[in-house]
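Take a look at the structure below.
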C-alpha cells in the first residue's frame, strides 16, 4: 500500500508550548532566494544572511518574493520569523506539516497555507506551501527543493504584466499556479481509473478489486486535501482582505473557479469509482448466476440418467428387463426422452438465454 | 464508451499567464452575425469587419444582438474583446471550454455562461454558450455553427413582443430558449431509461447491466452540467442586477422554474436508475435462488436413489437380497417411498412455491 | 406500469413566446361557477358570459369565489385573464400542467398553484389547482370537472363562520381542504404497503419484488409533488403577504402543520419500503443459505457412500473382499459409520440449527 | 407487528370546519385537578365545575396548575377552552392526536405540545401532552389517566424550590420531567438491541432478522417523535418568549441538553441496528461460503473417484486390466494419489483455513 | 464487547429536582490542588479546607488554577460550588457524567466541559473535564486521579510564557493540551485499523468481521464524543466571550484547527473502515465465485463421464458393444473427446482466467 508515501501522518506536538517547531529531519536545509522587481528592474539573489532581508523589504515600491525551500533548520526559520515578525502559531503551521489548508489574517500580514501537488514519474509528489503576504513582500515556505512555480518566475523575467503589478498580484500568481497544477494530477488519476474501468468490464479478479479499493482511498484523501483549499481561496476572494486589492480579487475569483473545477473532477472520479465498485459487485453475482446455471443444467440432465443406468447395473437375479432383447435400446430411448424433457424444462426456465 | 464524445475534458492552461486563450483547433472560424432592431426597424447582417461594430453598438435606442458562432480564430476573438471592452478573464472563459456555468458582473457588462444542449440524431450535442449583456448590446459566443436559437430569431422577424423590448429582454429570450431545450434531451434520456426498465424487468443480462452503468454515468454528468445553471439563473433573477430590469426579472424567475423542473426530471431519472440497479441486483439473487432450488431438488431426490441402486450393483458373492425373487420389485418400491418422502420434505420447505 | 397515468409528463412549450398556452385537448370545456356571499347574502351562479364578471367583482364588500373547472378552451381562459388582469406567465402556469407547486405575488393578486389529489376507486386522481387571491375575489382553476371542495361549498351555504370572513379566509379554506385530502391518499398507500409487508414476510417472489419496486417509485414521485407544497404554504404563512390578514395567517400555519404531517407519513412509508427491500434481500440470501445447506448435507452424506458402493461394483477378477462371507455386512457397517461421522461433522458445523 | 399499538394513525378531520374536535371514543372522561400554591400555601382540588376556574385563575400572585386527564368529553373541553380563552386551533391540536410536537404563541398564552412516554410492563406507553402557559396558570391536557408527573407534584407538596417560583417554573418542571422520562424508554430499547446483538453474533436465523427489522422501524418512529421536540424546546429556550423569564430560560436550556442526549442515544441505537443488519448480511454470505466450501471439497475429492470406480464397473468383455492380478490394488493406489493431489489443490486454494 | 468500559451509560436523574448531583460511587474522594502564580511567584498547594479558597481567589493580579480530581464526595463539591458561586445546573453537569461537550456563559464565569482521553496500556481511558474560567481563577473538575495536564504544570514551573499571562491563557493551555491528547488515541486506533486491513486483505474470516464491526462502533462513538467539542471551541474562539482576551482567542483558533484535524483523522478512519467492510463483502462473493467455479468445472467434466461408464455397467444381456473387442478403448477415446470438449467450453466461458 503506497498511500503512506503520499499522505504522511501529521506530527502534532503533544502538550508542548504552543509555537514549538517540529523540524522534520528529512527536510533539507533552507535555501532562500529573493526576486525583487518593479516595472524596470529585476534582481534575483540567493540569500545567505537572513538579517539582510530586513532592509531589503523596507523598500515599499518594489515587489519582493522571498522563497524558502526546505525546512530542515530551526534557527533559520526562527530568524526569518523575527525578520518578518511572523506570529509563533504561523511558524508552527509552517513546520508541523501537513496542515489542513487555511488562511489567517495577522496584524502585519496574511497567512495562507495550501497543498502543492505535482506528478513526478507517475507518482504524486505532495508538499505544503505556506505563503505570507505583507505590505512589501511575499514570503513562501516549501518543504522540499523544487516546485511548480517556474512559470511564475519566467513571467517575472519576461517583463510581462506581473512586473507592473503589486505584491498581491505575485501572491495571486503563485496561488493560481499551484491550483492549476492540481489538474494534471487529477487527470492522471482519471486516466488510471478509466484503465481500471476497461479492465473491470473485461474480467473480474481479486487483484483489480484491491486496485479499485486503493484508488478509492486515494481519491478520498485527495478530496480531503483539496476541499479546504476551496474555503481558503473562497474566503480571500470574497472578504476583500486589505492585502488583496479589488483588482486582484477578480483574479482570485478565477482561481476559485479552478478549484471548483478540480473538485468537480474529483467528484466525477469518486462517483465513477463507486459505480465501478457496484458494477464489480453486480458482475460478480451475475457471473455466479452463470456458473450455477451451467452446473444445474449439467446436473439436471445427467443425474437422472445416471440413476437410470444405475438401476440396470444392479445384480439382482430376477430382473426381467435385463434379459429382454429390446431392453437396452428401450432404456437408451427412455433416456433420450428424459433428456428431451429436461431440455424443455430448462428452456422454459429461460436458462439458455444469456 | 461514448461519454467522452459528449463530455469532453477541460483544457486548463497550466501555469500560463491569466487571460491566455486556448483555441480549440477543431472549432470553426468565427461567423459573426448582427441583428439590430427596434419596434419599427430590423436589420440582419453578417459582420466581416469587427471594428465596424464599435459604431453600431453606440446607438442606444436599438437592440443589438451580435452572435459569434465558432471560436477557431484567436485574433477575431481578441478584437471582439477590444471592441466590447471584455475582461481578459471573461475572454479566457469563452475559449477554455467547458466552463462550469457561471455569472460574473463586470464594469460594463454582465457575463453569463451556461451549457447549450440539443438532440441531433439520437445523440446529445453539447456546447457552451457565453453571453454578454451590456447597455446597448447582447453578445453571444457559441463553440460551433448551428444552435437552438432560431425561434428567438423568428420572433424578432415576426415583429412580436420582443421587438418593443430592450436588450435585457433579448438576453432573457436567449437564456429561456436554451433552458427550454434541456427538456427534449432529458425526455429522450427518460424514454431510453424506460426502455431499459422494460428490458430489465424481462430478463437479466450482463449487457444491460453495462447499459445501466453507462446511463447512470451520463445522468450524473448531465446533472453536474445543469446544477450550476440553477445558481446562475437564480442569482440574476434574485439580485436584480442593474442590467436586467424589474419587468424582465419576473420572466427570469420563470426560466428559473424551468431549470428546477429540469433538475426534477433529472432526479426522477437518477432515482429510477438507482432503483433499477437495486431491482437488477435483487432479481439476480432471486434468480440464483431459483436455479439452486432446481439443483437441490434434483440432487435431493436422485442422489439417495443412486446410492441405493449402487448398493445392489456391488459384486459381493454373498448378498442374499440379490437372489430373492422379490428383491428387485421391493427395491423399486423402497425407492418410490424415498422419492415420496423427499417430495414431502421439499414441499414442506416451500420450494415448490414460486 | 400504471404510474404514467398518475404522473403525466410536463409539456413545456419549446422555444415558444413566453405566455403561450398549451391547451390539453383532453381537458374539458371550462365550466365557470360563481359563489358570491357576505354574512346575510349568498348567490350561486353558473357564468356563461365572462365579461359580466368584471362588474361582479367590483363589489368590494362581498366574497366572490369564481371556480373554473376544465381548461379546454384557450379563448375563455384568455378572456378570464383579461377580466382579472392576470399576468401572462401566470396564465401559462395554469395551462402548462403539471407545474411544481409555487406561489408568486403579482401586482394585483397572489398566485398559488399546488397539486390536488383524491382517491377514486382505488386509484389516485391527480390534477393541478391554480388559485388567485385578489382584493375582491378568489379565482380557482382546475383541470377537470369534480373536485374535493364540496365541504367548503357546504360551509358557505350553511352560514357558518366562513360567511362572516373575507376573501382570504375562503382562499385558506380551499387550500386547507386540498391539503387535508392528501391524508386519505397517503393512508391508502400506507395500507397497500402494509399488505405488501405481510406478504413479503410470508414468502419471497419476483412478483412482489416488482410491486415493491413500483411502490417505491410511486412514493418518490408523491414526495416530489408534496414537498414543494410545504415551501409554498410555509412562505405565505410566514411572510404575511398583504393578501392574507394576520388572523388568517394563524390558520395557514395550521395548514402548514398538516403538510408537515403528510410529509411525515410519506417519509414513514418511504423508510418502510426501503427497509422492506432490505428485508427482502436479506431473506433471499437467507433462503439461499438454507437451500444450499440441504444440498450440502445430502451430498456430504451420500457422495462418499456412493463411492464405497462403487468400489465393490468393480469387476476385477481378483478382489478378495468380494468373496468374503462378511464382506457385504462389513461394508454396510462401514457405511453406517461414515454416515454417523458425517452427521456429527454437520452438527458441529451447526447446520441443523435453523 | 405491535407497532400499531404504540404509533397510532392520525385522524385528521377531512374537509371539516377548522376547529372541529375529533374526540377519541376510547379516551376516558376528563378528570380535572387543580394545584394552587405559593410559598406558604398549597391547595389540591378536584374540579367538577369548570366555570369556577375562571375566578380561581384570576389570582395573579399564585401558581395554578390545572391538569386535565382524559379527552373523552367534547363539552368539557370546549368549556375549558372558553374559560381559558384558548384558540380553536389549539383545541383542535389537543384532541386530534397525535400531533407533531410544536410550540405556538397565542395572544394570551403559550401553547406547547410534545409526546410523553413511559415504560409499562416492558412496553412503551405513549400519549400526547398539551401544555398552556398563561400569566396566572399552567394548563395541561393528557390523553389518559396516569402520567409521569408525580415527582413534580411531590416537589410542590414538599415545599421545595418550586413553591417560591412562578408559573413558568412549574411549566419548566413539567417539561423537564417529561423529557427525562424519555431516557428509561431509550435505555430499555438499547438493552433490547444489545440482547439482539448477542444473539445475532451467535447464530443467524430468519426470526432474528425480523426482530431486527421491527426494531429498526421502532427506532425510526421514535426518532420521528423526539426529533421535533428538540426544535420546540430549542425555540422556547432561545427566543425568550415573554412567558418564560430569563432565569427559567437557563433551566430550559438544560432540558434542551437532555433532548440532545436522548437523540444522541437514539442515533447510537440506530447506527448499532444498521451495523447489525450489515453484520447479519456479511455473516450470511460468509456462512454460505463455508457451506459451499464443504460441498466443493467433498465433490472435488469423490466425484473423480466415483468415475474411476465406475470405469472398472463396466461390463466389457475385453478389459485387460480387470483380469490382472494387481489391477485392484493399483486402482486403489491410483485413487489414493488422486485424493492426495486434490487435497494439495484444496490446501493451496486456502479452503482449509477458516 | 469492551465498548461498555469506555463508553459508559449516562445516568440522568429521573424527575429529580434540577441541580441534584448524582455522585458516582466509584469516583474517588476529591483531591484539590492549587497553583497560584504570576511572573515572579509560584505556589503549589494541596487544599484541604475549601473555605480558604474564597480569600485566595480574591487576589486579582495572580492566576489561580484550582484542580479538583475525583468527584466522590457531594459535600465538597457543593462547598466548592458555594465558594465559586457556581450555578446549580453547572454543578449537575460536573457530576452527572458524561455530558455532551458544551460551553455555557454564566454571570460570573464561563463553563466549558469536554472529554479528556488518553491511552493507558493499549486501551483508551476517558473522563470528563469540566472547566470554569472566572475573573481571577481557573477551576477544573476531573472524574479521576491522574490526567494529561502535567506538561501544563511543568510550563508553569519552568517560568515560561504562561507565567506572564492571565487566567484565560491558563484555561487555553489546559484546553489545548486536552485536545492535543486526542491525537495519540486516534493514531492508535488508526494503526489498529491498518493492521486489520492487512489481515483482511490476506484472508477472510468471521472473527475479523466481528473485529471490524466493533471497530466501526468504536469510531462512531469516538466521533460522537469529539464532534460537539468542535462547536464548543469554535464558539469560544469566534464569539470573543469577555472571559477570553483577543490575544488568547488567536490561540483558541489554533486549538480549533487541531480539533478539525482530529475529526479529519476520525473521518479518514471511518471511511477506511467502511471501505474495508465493502472490500470484505466483495471478497466474500468473489471467493464464492471461485469455489463454485471449481465445483462446476469438476462436475461438468466428471458427471457426463460417470454417466457413460454407468451405461456400460448395465447388465443387459443384449448389449452388443460389450462384446466388441474395441468397445473398451473406443469408450475411453469417446470419454477423452468429451473431456476435451468440456475443457474447451470451460475455457470459452473464461473460468480458467483468475
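By letter and in written order, the chains are A, B, C, D and E; residue numbering begins at 1 in each of them.
FYI, a contact is a pair of C-beta atoms (placed from the backbone, for glycine too) under 8 Å apart; a residue touches a chain by one contact, two chains touch by 3 or more.
Source: prediction; values computed, not measured.
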Between subunit A and subunit B, tell me the centre distance in angstrom, where each centre is the average of that chain's C-alpha atoms.
26
Between subunit A and subunit D, tell me the centre distance in angstrom, where each centre is the average of that chain's C-alpha atoms.
42
Which subunit C residues reach two or more other chains?
281, 285, 288, 292, 295, 299, 303, 306, 310, 313-315, 319
Chains as vertices, touching pairs as edges: which of line, ring, star, complete or other describes this one?
ring
Order in which chains appear around the ring, subunit B first, subunit C after it
B, C, D, E, A
Residue set of subunit D touching subunit E in the complex reads 148, 150-152, 155, 160-162, 176-177, 180-181, 183-184, 187, 197, 201, 250-251, 253-254, 257-258, 260-261, 264-265, 267-268, 271-272, 275, 278-279, 281-283, 285-286, 288-289, 292-293, 295-296, 299-300, 303-304, 306-307, 310-311, 313-319, 349-351, 353-354
What residues of subunit C sit close enough to touch subunit B in their complex?
1, 9-10, 12-18, 87, 89, 92, 99-100, 102, 104, 203-207, 209-210, 213, 216-217, 220-221, 224, 277, 280-281, 284-285, 287-288, 290-292, 294-295, 298-299, 302-303, 305-306, 309-310, 312-315, 319, 321-325, 327-328, 331
